[in-house]
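Below, chain A partners chain B and then partners chain C, in two separate complexes.
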Partner chain A sequence: MKESSLKSIKDLPSTHVLGPGTPTCAGCGALGAIKIFCDILGEKTVFVNAAGCMTLLTVYPFTPFKGSWIYTAMASAPAGAQGVRDALDLLIRKGRLKPEEDLKVVVLTGDGTAYGMGLSSTSSAIYRGLDFIYICYDNEGYGNTGHQFSAATPHAARTATSKGPEGYQRYKKDLFAIWAAHRPAYVATVAGTEPLDLARKIEKAKDLKGSKLFIAFSPCPTGWYFEPAKTIEVGKLAVKTGVWPLKEYIDGKVAHTKVPLPKGKRPLVEEYLKIQGRFAHLFSPTRNENVLEKIQAGVDAYWESIV
Partner chain B sequence: MIRKLLTGNGAAAWGARLARVDYIPAFPITPQTEIIETIAHWIGEGRMDSRMTTLESEHSMITSAGAAATTGVRTFTATSSQGLLYGMEMIYTVAGWRAPFVLVNVSRALSAPITLEPDHNDVLAARDSGFLQIHCATCQEVLDSVLLAYRLGEDEKVRLPVIVNLDGFYLSFTREPVEIPDDAKVDQFLPPYDPGETRFRAGDPISQGVAVLGGSQYSYFRYETHLASLNALEIFEEASKEFEELFGRSYQPVESYRTEDAEVIFFMMGSFATKAKDAVDRLRSVGRKVGLLRPRLLRPFPAKAIVRALAGKKGIAVIDQNLSLGKGGILHTELCSALYSMADKPVMVSFIGGLGGRDITREEFYEMVAVTMKAIETGEVPTPRLLYGKEELIQMKGLQSIAKVEQRKGRGKR
Partner chain C sequence: MYRIRFHARGGQGIKTASRILGTAFFLEGYEVQDSPRYGAERRGAPIFAYVRASKKIINERGIINKPDLVIVTDDSLLLLPIAGVLLGVTERTVLLIATDEATELWKKRLNLQGLVLSISTQAAVKGHAGLPLLGAACVGAAAQLVGAISKSALEEAIHDQLQPLGKVIVEESLAAAMTAYDQIEAYAGCTTEREDPSADSYESPNWIDLPFEDAGTSAPYIHAAATTLNVKTGVWRSLRPVIDLQQCNRCALCNSYCPDGVISLDAKGYPQIDYQHCKGCLICLAQCPLHAIDAIPEPGQEGEIS
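Right after this comes the complex of A and B.
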């Protein structure tokens, strides 16, 4: 693998492919990540979208995308990508489309789709070796319908359907491992708040043949209950505390692209939790030591297992 | 031109082959599977320059069919029954995309109870989706309808997907002699698909299936699509005229059989209409003035042609091979609405028959005529009825008592 040409944040494009004026909430972490994807992927794209917040990026008669767009449904965006890819290949083979008119096919869905309803169509697309990019913006809940819990919601988080004193009781599904188990060309976890890491990963993966899959950590002020101005802080802390590992799968191996400081030196997970309303019940009226310890232990165990 | 003995499924596959389809997203289901197997075989042998992708569900299959058609290739797919319903979200969606492609549905009754044999509840569940619907009664008609369907759906005044429907088992697995038209003539009838400006390519971006805010825009696009569907009535007549000139077979939106001087008309869809034809011939031979009217196009609904054909008739036996639970026969409802403002409209009697592949016997056709005649004479229209024999009921009761005994045995074991 060649050295990335993106050495520092200054190497990222300063003009943007995605246009301004989208109807997402202020401070939307998902949009921040998608902007970087658009910058690196360029204009020759067709985005195949599933139901979620980002469906409203393209509302008649406006679109912020410089390339094409098709909204499918909640469950079957990867199948839409299959149809588009197959059709483009056929058109090129039969001489009805010039090779330079080809497009990169990019699936864009939320976690609700990626971790749940769309898992079957995604698994099948990867299994068929579909040449596409999948961006899952992970805001850890069914955002568009008012932030109910999804299979991506972390333990203890309060959502519209987990309002009890303990919050959400189950644990976040490991989609990275599920995707990697299919042995696709590339899988990565990324965050819009780590633009250099994100841009390098897209650069590295975009021209690989096969399925290139991204799970983008997407702080959501509206669903997580924090001030829109704190999106960057939430994102940075998720990585620093070790809650959101930045990693990639390529050629059968998993590598971490940014490792937090060792235990004892890195900030505690509660630094990340306490700035979000969805975890407020862990701190007041009384500290829920039990749950906080459990969450911290989970993160520590993860990092212990990989070094 | 050659003549071959083909099943309905074989005829559907031949239609796709002659139409030179580029792309076939697929998923198996009885009784449709022979269609995709036949096409897969031809692609393997290099007789079709196409690509088949087997998806993991019909929901995905219909998504990818619509997406491929939107990208600009001629697309064909096939399903039945549970498959059509599994993909129903996308049936509506791809019609809204105005993605023209052909879906052959091989009718099979719906679960529960689960069964393999046909009726029309599956395809009628797609009635309001925006897909055009052509219903076939013979294997030849299946092949020809696939070609007509592409002409219809791809026409720029229409731009909608089309379902070509045939009955499972009765047509899908029945061999009939079918004329296979010459490639060159088909090419003349059906030039390559021209997607115009609506397709994906670099440098010329489009957005498909975008959200709208509010009912005003939504209403506009929905009604526009409705009008596009209605345009298909005119295009059907044009295309079938050309089809007749080239191939010598004539297809009207509604098939009329011995209706001219008829007083009583059977009104029904699909392959069971051939049974009605036989009954018509026999009744005619003993002097009864009966005929058959069979809508070939169900969407758009050829209301004018139906009204024209039924003017002056005394009675209609509407035979629905479907059942809207809690309402009754769907064709009956559609026909009533079409004839409502007609002066001196005929008496309409509703029969439900052929559910789950149950046969409709010759005697039942005679009986339906007798019931309809009586309604004409008395002016009293009987309540809708299910075609169901005494013997059949006795057998059914027998099965029920066996089931009870078995259930008791099962309880005893515990």
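Right after this comes the complex of A and C.
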């Protein structure tokens, strides 16, 4: 694998493919990631968008995309992508589209779709070896409808449907492992708040043949209850504290692209938790030591298993 | 039938406010509709909510074009045509504005003939977060203005709607609503019902009959690229980031981190903000390593976006 031409954040494109004026919330962490995807992938794309926050990007007669965009139901975006890919292949085979005019097929869904009801059609698409890119913007809940919990919601987070004293009781699904178990061409976890790591991964994966899948950590000011200005801080702390591992699966191997400091030296997970309103009940009116310790232990155990 | 329209910015709690007013009407024996307009209800964006209340069955649907009472919790919306605050406002419409400017000034500025009342944002009851509870205050004032809602119904409606948010919020909102209810007592009943138009007087809307076309023609295709450029999300902003180019060292982090991509770099690498589209999230301010970005309150000058 050749070395990336992207050495520093200054090497990222400073003019952007995605247009402004979208209806996403101010400070949207998902939009920050999608902006970089569009910059690196360019204009020759077809976005196949399952219902979610990002379907609001394109509301007739407005679209921020310079390439094409179509809309599907939540469970069927990869099936839609199959149809688009097949149509493009047929047009090229019949000589009605020049090979250099080919488009990249990009599925865009939220975590509600990716971790839950869209998992079956994604599994089938990877199994069939569909040549596409899948972007899951993971804001850890059903953001567009008022932030109900999804299978991506972390333990103890408060959502519109987990308002108990200890928040959401289940644990976030390991979608990276599920996707990687299918042995696709590429899987990565990324974050819009880590633009260089994100851009390098897209650059590395975009021309691989087969299924390329990304889970983009997307801090959500509206659903996670923090000020929009803090989106980057929240994302950076998730990486520094070890909550959100940045990694990739390629050629049958998993590699971490940014490893946090060792235990004892890296900031505690509570540094990340306490700046978000969705975890406020763990700190006030009294500190919930049990739950905080449990979350920290989970993160520590993950990094111990890596080294 | 009472037709009441709320205007606010996303996040000010106006959906809940209309819900409380609707519930209070219901408790007084009215048939009620209350609904926020579903769409881009994002923090800071201009949003709407509607309440209809009548002792008879309500057959009217959809947005309220001819309001009896218009409530505005953010006076900057009055200067934004896109917010549509003055849609269908006549001399019999009561306008209630949360503002610290004189109502006479607003009457003159907007050339209004009807009754204009204000709630002071500075004097309004503040919540535990230190912000004035304008949604609750406006509900209290509205309940008094329609003259059909008792204090006890208002209190019950607030308990009913806010109880899941905890005791503190219920108590604060009650205080804000009741204070406004008392303050506006002199105007009790100023908002009057307007009779439903009879079927005979019904004027059909200006429909345009479209012929049936196949999907290739009739489906909502967008044939141009990046048309969101025409959507001025700059109107969402309550604070405007301003870059001090003297201090800027052209690191371009603001360009990389701005989620909306509204910070461009000029030929020399200095950042420039597109105020037509900047939503005012202030990520640039938080991330600027040299603290070369400041925030100033909007609107800079009347109605100014760019």
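Just so it is clear, the second predicted complex is superposed on the first by the 307 of 307 C-alpha atoms of A that agree within 3 Å, B and C clash if a C-alpha of one lies under 4 Å from a C-alpha of the other, contacts with A are read in each partner's own complex, and residues count from 1 in each chain.
Heads up, the rule we're going with is that contacts are C-beta pairs under 8 Å (C-beta built on N, C-alpha and C of every residue); 3 or more make two chains touch, one makes a residue touch a chain.
Source: prediction; values computed, not measured.
Asker: For A:Gly264, decide between first (touching chain B), second (touching chain C), both and neither.
Answerer: After superposition on chain A, A:Gly264 lies in contact with neither partner.
Asker: With the two structures laid over each other on chain A, which partner does A:Thr24 touch: chain B (first), chain C (second), both, or neither?
Answerer: A:Thr24 contacts chain C only, not chain B.
Asker: Return first, second, both or neither, reflecting whether A:Gly252 touches chain B, chain C, both chains, or no partner chain.
Answerer: Touch status of A:Gly252: no partner.
Asker: Is A:Pro285 touching the first partner chain B, the second partner chain C, both, or neither of them?
Answerer: Neither: A:Pro285 stays clear of chain B and chain C.
Asker: Quick check for you: in the superposed arrangement, does A:Lys66 touch first (chain B), second (chain C), both or neither?
Answerer: Both partners.
Asker: Per the contact definition in the header, classify A:Leu88: touching chain B only (first), chain C only (second), both, or neither.
Answerer: The first partner, chain B, only.
Asker: Touching A:Leu56, do we find chain B (first), chain C (second), both, or neither?
Answerer: It touches chain B and chain C both.
Asker: After superposition on the shared chain, which partner residues are touched by A:Pro165: those of chain B (first), chain C (second), both, or neither?
Answerer: After superposition on chain A, A:Pro165 lies in contact with neither partner.
Asker: Going by the contact definition given at the top, which residues of chain A touch chain B in one complex and chain C in the other?
Answerer: Looking at chain A, the two contact sets intersect at 43, 56, 58-60, 63, 65-67.
Asker: Given the complex with chain A, which residues does chain B contribute to the contact?
Answerer: Touch list, chain B to chain A: 22-23, 25, 49, 51, 53, 55-57, 59-61, 63-73, 75, 89-90, 93, 97, 200-203, 205-213, 217.
Asker: Give every residue of chain A touching chain C within the complex, in rising order.
Answerer: Residue positions touching the partner: 9-10, 12, 14-16, 18-29, 31-32, 35, 43, 56-67, 163, 192-193, 195, 221-222, 227-233.
Asker: Which residues of chain C touch chain A once you look at their complex with the stated criterion?
Answerer: Against chain A, the touching part of chain C is residues 39-40, 42-45, 164, 220, 222, 225-233, 236-237, 251-253, 255-262, 264-265, 274, 277, 279-283, 285-287.
Asker: Once bound in the complex, which stretches of chain A touch chain B?
Answerer: 43-44, 46, 48, 55-56, 58-60, 63, 65-73, 75-84, 86-91, 94, 96-97, 100-103, 120-121, 123-124, 128
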